[in-house]
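Below you'll find a set of structures to go through.
Each of the next two complexes has subunit A plus one more chain, namely subunit B in the first and subunit C in the second.
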Partner chain A sequence: MAAPEATTALAPTPRRRWVPRIALSQELVLFLAIVALFVVVGAINPRFVAERNLQSIFLGNAYIAVAAIGMSMVIISGNIDISVGSLIGVLATVSGTLAVAGVPIVLSWVIPVLLSIAFTTTMGAMVAYLRIPSIVVSLGFLSILKGGLIVVTGGAWINALPEGFHLAQMKPFGIPMPIYFMVILTIAAALWMRLSATGRSIYAVGGNAEAARLSGISRERTVVKVFAIHGFFVGIAALLYATQLAIIQSTVPPNLELTIITASVVGGVSILGGTGTVVGSTLAAVLLAAIGSSLIFINVSPYWLRAVQGVLILVTVLADMWRRMRQARGRGR
Partner chain B sequence: MSDAILKLAGISKSFPGVRALSNITFDVRAAEVHALLGENGAGKSTLIKIMSGVYQPDEGVMTLDGGTIAFNSPQEAQDRGIATIYQELLLFPELTVAENIFMGHAPKNRFGAIDWSTMREEARKLLASLDIHDLDVTSMVGTLSVGNRQRVEIAKALSHNARILIMDEPTAALTEHDVERLFGIVRLLRSRGVGVVYISHRLEEVFLLADRVTVLRDGEFVATKPVSETDHDGLIEMMVGRRLDALFPKTEAPLGDVVLELENVTRQPLTKDVSLKLRAGEILGIAGLVGAGRSELAEVIFGMTPAESGTIRVDGRNVRIGSPSAAKRLGIAYVPEDRGRQGLVRPMRLAENVSLASLGRISQGGFLNRQSEATLARKSIDQFRVRASGIDQIVSKLSGGNQQKIGLSKWLATEPRILIMDEPTRGIDVGAKAEIHRMMSELAQEGMAIIMISSELPEVLGMSDRILVMRGGRIVAEVDRADATQESLAAAMMSDASASMAVAAE
Partner chain C sequence: MLRTMTLALLAGVFAVPAMAQDRWDGADSLDTNPLACDGSPGEMAMKEYDGGQPATMSDKMGQEITLIDVPKLVGIGYFAATTKGQAEAAAELGNVNVSTDGPTEANIDDQITFIDNYITQGVDGILFAANDPVAIAPVLKKALGEGIHVVGYDANSEPDAREWFVNQAEFNGIGKAMIDAMAEEIGADGSFAIVTSTFTTPNQARWIAEMQAYQAACHPNMTWLETVEAQEDNNLSFNQATTLINKHGDDLDGIFGMTSVATPASAEAVTQAGACGEIAVVGLATPNAMKPYVASDCVKSVVLWNPVDLGYAAVYVMRAVVDGKLKPGDKSVEAGKLGTLSVVNGSEILLGAPFIFTKDNINDFDF
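Now for the complex of A and B:
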């Protein structure tokens, strides 16, 4: 339009904008929620904050947090992977089978991770170059992996695992291994997303693929990369899952992929892509695990956990929409 | 001529930041074709959307058959006999002709189910009443030609007993044969008492078809005249006649070597046999109507839709530009028209948007240097006088003009030598506009070669060293700064001397 536009300065003073943004960040909200949960439930039932329970909350769920790191990156890039649950199951079985077969233990750890990267990279290539929506590609992989796992293992559990295989049970300096993995990988991934050129490309492709392409960022290469990196985290998650118990079941917890996606979404990753952080998803994974455990301690049927998760997802998504709407309305045009 | 069926008086409509229409008077009589003319952005689309109930006016009165009306939805307008055929036809390709015509009001039998045979029969009758006998009402709309689809749209409008039919550039996508048939149908409708509002960019059509013509300019009413009292030049003058304001601080820049050269470059459907030369320090304006192929040409040069044939030379060397990254490596930058979709990543911070096209430049070993990124962002804030709370502001919160400045500085950060700007100042305020024009002049003086696509003739005239006019994907005129006038450009943009009109004129 040639009609002159009203010259409105929309820029608020930096100071006033700065404070509420910190106050409203998803990560802080989640952190406070975790603290509040421990304080309140701990007051109702002190056994909730006993070391044994804390261990079971953190150790039993660290692999979910690790998988959610990769998942968050995938969702930030504007994609999704619903095959992770099955993939973790397959990789755990591969790891255990290798270990039982007498392969050096280090290899029984490393090979599943490499295999995982190969799988997700293939998925990423199909999404990027064949332009098949990621939800379809990963749905296909989900079925293949799930079916294949049952056929190959016949549903049998793996036991008699060799000495030294149980990585997740190790405690260097008195701290359980899964905690190291969860904390170090979260921090490394957060820094990488923030500081690397590829991390920036992931946000750009998810935020506006067309603008990214016009800026000379290859959507294809970025998507393949993000899936490959996702594979690394899935591989580590499978490793933690495989080595935490004396036996390896041929099944994973039902709806594992949904739990992982829930952690990402509740962690503040927009399901539409472009925004969110891996710190948020790890905090959300911890929060979800803590809620699950707390239900037992305040005598509520654990079946409510799903419902609580559902409410959390909806609340987060509504908050995200509300934020977007405010953003759109604040636009100067 | 009878009295007006639909009357609009004092209609105004604003959108955030833009006054699209102000104080418009317009009326439609029975049995007339009333042409609505104006440049891109003159407010034609907004006006027809008000008549068809898509928008509600901020001010003004609409009367239908003498009674005041206000439409809250397109449905209400349709119920009162006002039908609109938009440029993009709104049909369901997977449904049959008959189903499309009676979408939403299919005849029912006594059990409340759709009465298929009556529906087909009614559809056949409707088409026959439009003198259309070669269209099978049971064929899928998706299999029809554009011309046939448009006929289905018209039949659909008439199935609602439309007394007023609004047509938005109906001939834009038609072949000459279809244009001819459309004219026949429009004349038939007129003879039956339907009032037709006809929007077109082709002046010839106005003289062939219309009884009266109304011209809008910059959202304002210019005049309504009987077509017999106007002529080609008079209409053009009414459409463009405005003073050249002092917005354009174009300074003379010394021209250097040819940096970009296109020879017979073709990319179907809208880049046809284009040849041009661009020199360092030159601002080359490209004028043309919407759909003339200007943006498409930019997309070819920038590698978004690579050329199918022809030669492109950068600095005298033959190059193949197969992707935007290839164009970037050659020192070509493109600031697209659609900032929201193509220009910026809205949820990202200002600094992140500025550096988006220069990630390689500001990173080492795959890691970004946040210091250089911040420097880059601060530099562009200073250079462009961007009004933002700081480099961490989310870009979607900036005003349109400031967003455009960020889009431009993103590309200047890549240190290009060839800059393509598509509608650089559309939809931004006057102050920001002047600053962008000042920047363009400065860049040209530093030796940047600039291609500027603009629909605003004053901008083209004010900023360009040389002007190319495009129409139908071809360059149809080249005018030097000294020789160009609004009238000569507008005539080149619009006059359609092609064979199609000659045939239709018969």
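Now for the complex of A and C:
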């Protein structure tokens, strides 16, 4: 489960047991990449590393990072959810509609999160008990949500949102709320996955379902739980998305699910399941935002963002394959 | 991965010198036709009339006529506004009955069915805003074949499927209105950036090209900084506009929004950056999305056309056609309070200069 990767590239030290090995792999590489980007682009244009641009970068993909926490858990468990972009679009619309209808603001925040958990739990149950591959289940949900949203709203935008609704615009101690959500939820989720039995069982189910079953872990229950927890993070992400701007565009954000999955995969979550961390996916989300911002600062067409994202995905997946091969060979010896 | 990153960055750095350009990013390479700085009508390349004609000429000259209006869809503010304009024109004229009926979704098949039913029922004229220029053509030609007059507005069909089309705005008109509005806010030597959908979106690319041509001719001391893409995505538009503000600092005086998504998102970015009054936002957008920013004085000019006037003009054009006052080859038509409208592109009536929504009038519109 927890990957011994990358340590192969480092000289073994006696302290290895106490240093979380995983922190030395993909997370470190991502962190260094972010720092390198700040140094290089900051040297070209110092305004890139000015406080307000740094804030914009961390703020820009905070909701992606939060959604990628749940997505990472789903992928680690050996599944995937491609309906997440549509779900965020629908939940944002629900939240805005409730707020405009005069529902207490706290409820207009909480109801979408509960609704999200209900949706993803249903998906999880279909995956676990009906044994339908998650990509098929979530493809179905994607179509239902996307089509339903257009039929119900007719594409009308929601404006005139009430005072106090804009959670994501609040700035306790001068730092935008979404950054708190991103940091706190990432740390909480990382600890939970490392320390709790359920957290460990996600890795077990995704790494080797048969071995997990033999050791008494119910694949079905774990998968349903993972999807339910994923729903919580999707709900929070939708909330941050909905409350960021004065207007809610009642459509599904284009390619959002791909951006979220990209953050997970580039963050080191193996698309084959079993390995990865949410710290990695959050760092990857920040890296993607930093790349997007840097392209404007160095006058490069944002089309490069797609290309760079693509390269990052391929490099990460190839590295994952390479590690697995080495691991397998190591075991054979 | 570090190496990949470095390579990507190097590629970016090397791309910069190659970008010194005579064409703004996001502009197309077609010929431009900038309007005169003072707005006087320029030389227009005359094009032969290319509309269609009804099989039989009606003899309803000066008599009461019944019109049906089939917009893309009903139940949205935009087409409610065109319907309102039609009713105003009909009331003024006194000899026109016009009613609106159409699909509740912008669906071309439903729209064709509606038009077909009204052909069967029998009307004197059909007004339409097409969901698809090609697919709608056969049913309109059928109407012409039955001696029914056909005039389009807002969204055209193939020219020979209708007699006239009321064109709400020409690309060079939008280009002039945008640049003039920006120049008024940021001054003759201000610097601005553009947020568009993608560099290759046809309408936006045409508008940007016309903006550049007009700016070069009429406001030569303004500076274009750059164009960024934001697709039609609210949050991406917001992030891109915010990054522009962060990057250019005090050098940025104004932002153009080229889509109904980019403009409110740019206004939001300026608002959240606390730069209202320092950075102007001018753009194409629908009034409802811009009301909060216009109310807070963060945005002063929203460029579009007035859909009430558009519906109004369509009815006047139809009346003129029935009365024989607008015939193929004519160069203008009288349209009540709108005055004389000119014929462009063979068989199109130009509504006039774009409409600027401001704090004084924006609350009169609901779309």
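Please note the rule applied: the second predicted complex is superposed on the first by the 305 of 333 C-alpha atoms of A that agree within 3 Å, B and C clash if a C-alpha of one lies under 4 Å from a C-alpha of the other, contacts with A are read in each partner's own complex, and residues count from 1 in each chain.
By our rule, a contact is a pair of C-beta atoms (placed from the backbone, for glycine too) under 8 Å apart; a residue touches a chain by one contact, two chains touch by 3 or more.
For clarity, every value in this text was computed on a predicted model and none was experimentally measured.
Touch criterion met: A:N45 reaches subunit C, while subunit B stays clear of it.
In the superposition on chain A, A:G164 makes contact with neither subunit B nor subunit C. Touch criterion not met for A:P104: it reaches neither subunit B nor subunit C.
Of the two partner chains placed by superposition, A:G147 touches none, neither subunit B nor subunit C.
After overlaying the two complexes on the shared chain, residue contacts for A:P254 are found with subunit C alone; subunit B is out of touch. Judged by the touch definition given at the top, the superposed model places A:S201 against subunit B, while subunit C stays out of reach.
By the touch rule above, subunit A contacts subunit C in their complex via residues 29, 32-33, 36-37, 40-41, 44-45, 47-48, 50, 52-53, 56, 60, 154, 156-157, 159-160, 169, 241, 244-249, 253-254, 289, 291-304, 307-308, 311-312, 315-316, 319. Across the complex, subunit B meets subunit A through its residues 16-20, 41, 43, 218-219, 302, 304, 324-325, 328, 334, 336, 341-348, 352, 355-357, 359-360, 363, 366-368, 370, 387-390, 393-394, 396-403, 410, 426-432, 456. Residues 1-2, 4-6, 8-9, 11-13, 15-16, 19, 25, 75-76, 105, 199, 226, 228-229, 231-235, 238-240, 242-244, 246-247, 249, 261, 264-265, 268, 271-273, 288-289, 291-293 of subunit C are the ones that touch subunit A when the two sit in their complex. Residues 1-14, 17, 195-198, 200-201, 203-204, 207-208, 210-218, 270, 274-275, 327-328, 330-333 of subunit A touch subunit B in their complex.
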